[in-house]
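Once you scroll down, you'll see the structures, which are given as structure tokens.
You will see chain A twice below: alongside chain B first, and alongside chain C after that.
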Partner chain A sequence: MSDFFNFDTLSLHAGQTVDKEFGARATPIYQTTSYVFPDTDTASSIFNLERGGHAYSRITNPTVGVLEQRIAALEGGSAAVCTSSGMAATFCAITAILSQGDHIVASSQMYGGNISLMKNTLPRFGITATFVDPTDTDGFRNAIQDNTRLIYGELIGNPGLDILDLEAIAAIGAEHHVPFMVDATFNTPYLCRCFDYGANITIHSVTKWMGGHGTAVGGVVVDGGNFDWGATDKYPTITEPYAPFQGINLWEEFGPSAFATRIRAEAMRDFGPSMAPMNAFLLLQGIETLSLRMEKHRSNTEKMLEYLSNHDRVSWVSHPSMPSHSSHELAKKYLPKGAGSILSFGVKGGRDAGKAFIENVELASHLANVGDAKTLIIHPATTTHSRIDAEALVAAGITEDMIRLSVGLEDVRDIQADFETGFRAAKKVSGA
Partner chain B sequence: MYFEVNGKQAFATTGGKVFNNQLPTVIFLHGSGLDHTFWGLQSRFFAFRRYSVLVLDYPGHTNSEGPPLASIEDIADWVHDVVEVLDVNNISLVAHSQGCLVALEYASRYKDRLKSVSFIASGLATPVNDALIDAAENNPEAAIAMMLSWGFGPAGHLHQGPIPGNSMLAGGRKVMRGNVPNELATDLRACNAYQNGKQAAAAIDCPRQVILAGKDRMAPRKAGMELVEHLNEPELHIIEESGHMVPQEAPDQCRTLLRDFIFSHNPA
Partner chain C sequence: MGFRTRQIHAGVTPDPTTGAILTPIYQSTTFVQPSVDEYLSKGFSYSRSGNPTVRALEAKLADLEGGADCAAFGTGMSAVTGTMLAFLNAGDHAIISDVAYGGTYRLCTKVLSRFGIDFTFADGSNTDDVASSVRDNTALILTETPANPTMKCSDIAAISEVAKKAGAIHAVDNTFLTPYYQRPFELGADLSIHSTTKYMDGHNATVGGAVISKTAELAEKVRFIQNSTGSIMSPQVAWLTLQGCKTLSVRMDQQSANAMAIAEYLEAHPKVEQVCYPGLKSFAQHELSSRQASGYGAMLWFEVKGGLAAGKKLMDTIDVWTLAENLGSVESLITHPVTMTHADVEEAERKRVGIIDGLVRLSVGLEDEEDLIGALEKALKQI
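Moving on, here comes the complex of A and B:
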């Protein structure tokens, strides 16, 4: 019989070797730029990827390394690379394998930053994207071109909350030798380990539920280690000699962690979006309680859904756990422990009523973030998704009256009391 | 590097340098169900210090064409065929676990080009229980879990590792998933059937080194000491904190021991 540690234990211990000099139980914050080499041979061998070790904190750092190994352990990935933000993780992951002339098939229902990156920014560098309704699995297959090198989506789409059919889309990727990269920010590995369903790479904004306290911005790329880069000639950055490291062939040398090694060797070195050690420490504190927090997020979300569904000032409520949601069956399959703590709803009275609601709640914070311990609300059409055009707004499932709620960990009775204040203000504006 | 052996495609990494058979060569032999990636934290070191390196995938494993070979003796013969095809001279063999049984056979029978042999985490034999062989054939995920669980020591179980950000445990699982069910089951049966360890050990006359692990549950110290006893006073080292996967769990200590031994007995 095997005796591997389980999720909650890994959340607390994975990746950490107790400090031998002082016995510090918490992971120390190695707030240093660089590391003293014992001799020239050690120095050169670290630079040449002959051995593990730290040379400069833009590339690796011991505190960040603990976070990386902890997240890899929780996800079931072979390796992880932390970055300064979730967007940096997405950019580093894409550019590790895509070059000028390459193409992405992406879900149309994603965080506005992801859409803007693929629609406005990457095309300047010759990388284009086709956006597909996340509920249209065949659409992913139909959008694949000869130059497609990546399928990308969010498991729980932001903010429409449609669920990707992971197994079906992974099968399409495997059929075409194209990796399937999933932004798993909204689910975290506690709710779904995407590699178990065939995804090849995951991205997280660890700023959100993983950290969970709204204190540190960060991102991570996790290499599932389950994509056969050598089965095709489509990925020369992984399978061809890499000049800066004396012609190393990453696929041959590193196998299941070749993709992560490319990010480490190129993106962290040449672009430099490193995570600060202090941020890694804060995020580690959050991950220690990930399962506890996610359970409370789930129970509070269930209570808020019931409350909002029965409220006479609410025109509609949407969450994948609701039978009325188009992704309900997929949510049951991929997210049996809960479909996340984001929900959306409309306030009767339209845009002005919604504005009055947001401006009159006090406990719920009006800001551009999700996954905090505290309850957060925002109007996506005028904020997080304001930089995408009207057509893309529709494709993303965003309506003018939509309010996105990130359910926090407060006593749910206090959240509901706060909402009553907001609804009274909305009623005054709408006059109904 | 791909090359042909007995009409079939074979694969070895060369540590990031072009293979040159005029240099002394370190040949790395992996354990059951694994492949060349197991040796990444040793192989590049030698490749960039005036050695040629061959990190083999046995037939049927990862990049080498199958089928997998059914006995330890057959794998040793295949290694010899590789040596002949590539005309390798001045060889230092470095072996782990099942690879050590292959090294015992090879070193006892093919002596003329061999300068040294290093045995890591092994005894004279590797008895495998029927339940594990059955799992390898019929429930590979369970077999992989058992082997990784027994194979890694405390640090491995916490997904620690010498390469920042990498999980040794998960990486091992990915590699083994590519070598089941047939390759792993064949490897385990070959290990279980091998009986010639004592005779082979006694016949080895080149410089020899044994590296054991204090927390090894796959090849416990007692079994390793039997190998030491029959090898006739090899250089012995025990890395107390490591589990069975020494080259990954204690890569720096392992590499230092290999370096000192190979530099001494097969200088570049």
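Moving on, here comes the complex of A and C:
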């Protein structure tokens, strides 16, 4: 499959070669653990990375492979590796290049799980992080230390929705020979291809808009193929002989996909957070309609913003497409096709009113996910970000009255009618 | 209730809405909350942190092992990784039985060493060697018994005593025998690890793993690291594994009986140099195997006279037996560990622990004993 097709064509075809045996148009679900080898020499060469081929589904699987190639093509990356969840993608990407004594410069405005991983878990293994306000681009430069090996942020921060200045931060990374990894979950390659602006690695929770239907948990790491790992001696896991494979030098052998190969050869083999073939199939189905869904998410989001901005029970509304949002200019630059379908707003009457609102809407589901085809709402301070302390809560841009809305694909009139019920209940509680 | 009843019923209750006798596949990322104050009141928020189908499998495995709780992982290796990350920090030390799956060996020596964790590979068959490897900072002892691929056994009760004295956790990789034959908690261990890919699923359909903890406190630590690193089992995999578990004892008994017959056949064959199966009287640790387990399992290895060259010829020509990685399933598999499963273990280390070049590993399946032996007979004739 050529990389030169346009986005919508790639979202339907990239990575798939039609099944040779029966001509099945859809990708078969290879629900198998292992693959029969024709002979011992072939087996041995597959194990030694001397040739491609499948040995065992923890490491590679044909169904998962189609999804990996499709996402790599949509992102414009060199290769991709799928994982059992978005958190596993983050974990594998970090540990592929960082070891004890290394350091990360990370945005402070990220999903609570990412912050907890870097604040609580990775320090146990000697990896530390400095968190920087995502709107303070110079802050990223100032936080870089001699042992910094990664810059990491979410393009659209969760849940404050501040946007990273990709080009400026990528330039800081390039200046210090530090790769820039972007969590692109909220934008998907449809809204922004981060490699076009200098990012080196993207990760996604494909659980969200990429899959789009709330059916399968999964993650992916995409190698941008645009980082010169060999320019310094800072990345020995990529540039030094890799003993488990006869001392192979991944940088020399695999060049632009050396980073992805390291994840495959190490994280998938040794840590083992593999994606199940069934999940890959469900996610492939989702990606086939990515463009259509993202367009509808955008138009519904615009209508909801207008509705909420004019509503007398709403104290504030925040979305990067609004001129009042601090990241509005960056949104215009990096996200011209839409700044995502997450928005936040405050219900007049504070915490109690917010709670009454959430409990009285019916169509919108109260839950801890985003990016479903269905409209979802949540109160971040008591749920997704409840495990981080008050100071980090402020740094992450969360207020007590905040309601996060993931705008779905329903008829927007029905979402608004549902919200009216919620607002009436909120009004009763606040008594004003 | 007995094991065979529990392997079918434990963890599974009929669906309250429809009465479906099987647990539905909850192929859903997320769960609707009734209200802010009732967040998590139904037990689930997001499928990385917990999923009802996966939970049913976890409950079944915890029950079968006699543990407090279980965390199901995406693969056996992610179960091993989860165990190590849960109980080891930078600066800590762990002791691993010196014969273990090649992936476990590689995880310790090539990956976790990058995060400041030290490992000693001790002879699990010699409890004194394990005891003398203990250091002040030893936090974990992991034994795989019988070990892949040499079948070397570790004395679970004796090593659990060593661990207790050292204040360390004793984790047993119980993949080869499953709780049907071997019950690590009754022998004093703290954790039982499985690649559910093997006997639990039993049909070569899924890759999966599990860590069963003896206490709720240990389980909480495993669950925390699993949620932090996102290493989870998918609902459909859990469902398939749930079905596999229901025939565990039947498969184990039949596959083990096949293995015993094959081991005896090979031992008597003039072209075979040596056979290693815990059920044979000639097995060095036959007494220990008989004492700490109620069955010998379906894994064995042998060496053909003529070593590596003869072994490769046998593997490349044999029918019925399939040349593939994996083990423990209904299909009989033949594997050459030196080039396949244990290729990453350095030659010197392989030699030291007895993974010889001519070692041919058999995972005995459910086919007719006569067909399996007939295929071996035909292949041996061609050498």
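The rule is short, and it goes like this: the second predicted complex is superposed on the first by the 429 of 432 C-alpha atoms of A that agree within 3 Å, B and C clash if a C-alpha of one lies under 4 Å from a C-alpha of the other, contacts with A are read in each partner's own complex, and residues count from 1 in each chain.
Everything below uses one rule, namely that a residue touches a chain if its C-beta (ideal position, glycine included) is under 8 Å from a C-beta of that chain, and two chains touch if they have at least 3 such contacts.
On a predicted model such as this, the values are computed, not experimentally measured, just so you know.
Colleague: A:Thr239 in the overlay: touching chain B, chain C, both, or neither? Say first, second, both or neither.
Modeller: Neither partner.
Colleague: Which holds for A:Asn158: it touches chain B only (first), chain C only (second), both, or neither?
Modeller: In the superposition, A:Asn158 touches no partner, neither chain B nor chain C.
Colleague: Touch check for A:Asn48: first (chain B), second (chain C), both, or neither?
Modeller: It touches chain B and chain C both.
Colleague: Under the stated touch criterion, which partner chain does A:Gly230 make contact with: chain B (first), chain C (second), both, or neither?
Modeller: first
Colleague: Identify which of chain B and chain C touches the larger number of residues of chain A.
Modeller: When the residues of chain A touched by each partner are counted, C comes out ahead.
Colleague: Contacts for A:Ser291 in the overlay, against chain B (first) and chain C (second): which applies, first, second, both or neither?
Modeller: Neither partner.
Colleague: Touching A:Leu367, do we find chain B (first), chain C (second), both, or neither?
Modeller: second
Colleague: Determine, under the contact definition given at the top, whether A:Thr188 touches first (chain B), second (chain C), both, or neither.
Modeller: Neither chain B nor chain C is touched by A:Thr188.
Colleague: Could you give the residue numbers on chain A that contact chain B in one complex and chain C in the other?
Modeller: Common to the two interfaces on chain A: residues 48, 245.
Colleague: Enumerate the contact residues on chain A facing chain C in the complex.
Modeller: Those residues of chain A that touch chain C are 31-40, 43-44, 47-48, 55-58, 83-91, 95, 99-100, 113, 116-117, 120-121, 124-127, 207, 211, 214-217, 219, 237, 243-245, 266, 269-276, 278-279, 282, 355, 358-359, 365-369, 372, 376, 379, 382-383.
Colleague: Looking at the complex, which residues from chain B come into contact with chain A?
Modeller: That would be residues 13, 15-17, 35-37, 40-41, 44-45, 48, 62-63, 142, 145-146, 148-149, 155, 157-167, 169-171, 174-175, 177, 251-252, 255 of chain B.
Colleague: Considering the complex alone, what residue numbers of chain A touch chain B?
Modeller: Residues in contact with chain B: 1-5, 10, 13-17, 45, 48-54, 60-62, 64-65, 68-70, 72-73, 76-82, 225-226, 230, 245-249, 252-257, 260, 264.
Colleague: Any idea which chain C residues touch chain A in the complex?
Modeller: 27-37, 39, 45-48, 73-81, 85, 89-90, 103, 106-107, 110-111, 114-117, 197, 201, 204-207, 209, 225, 227-234, 236-237, 240, 312, 315-316, 322-326, 329, 333, 336, 339-340, 343-344
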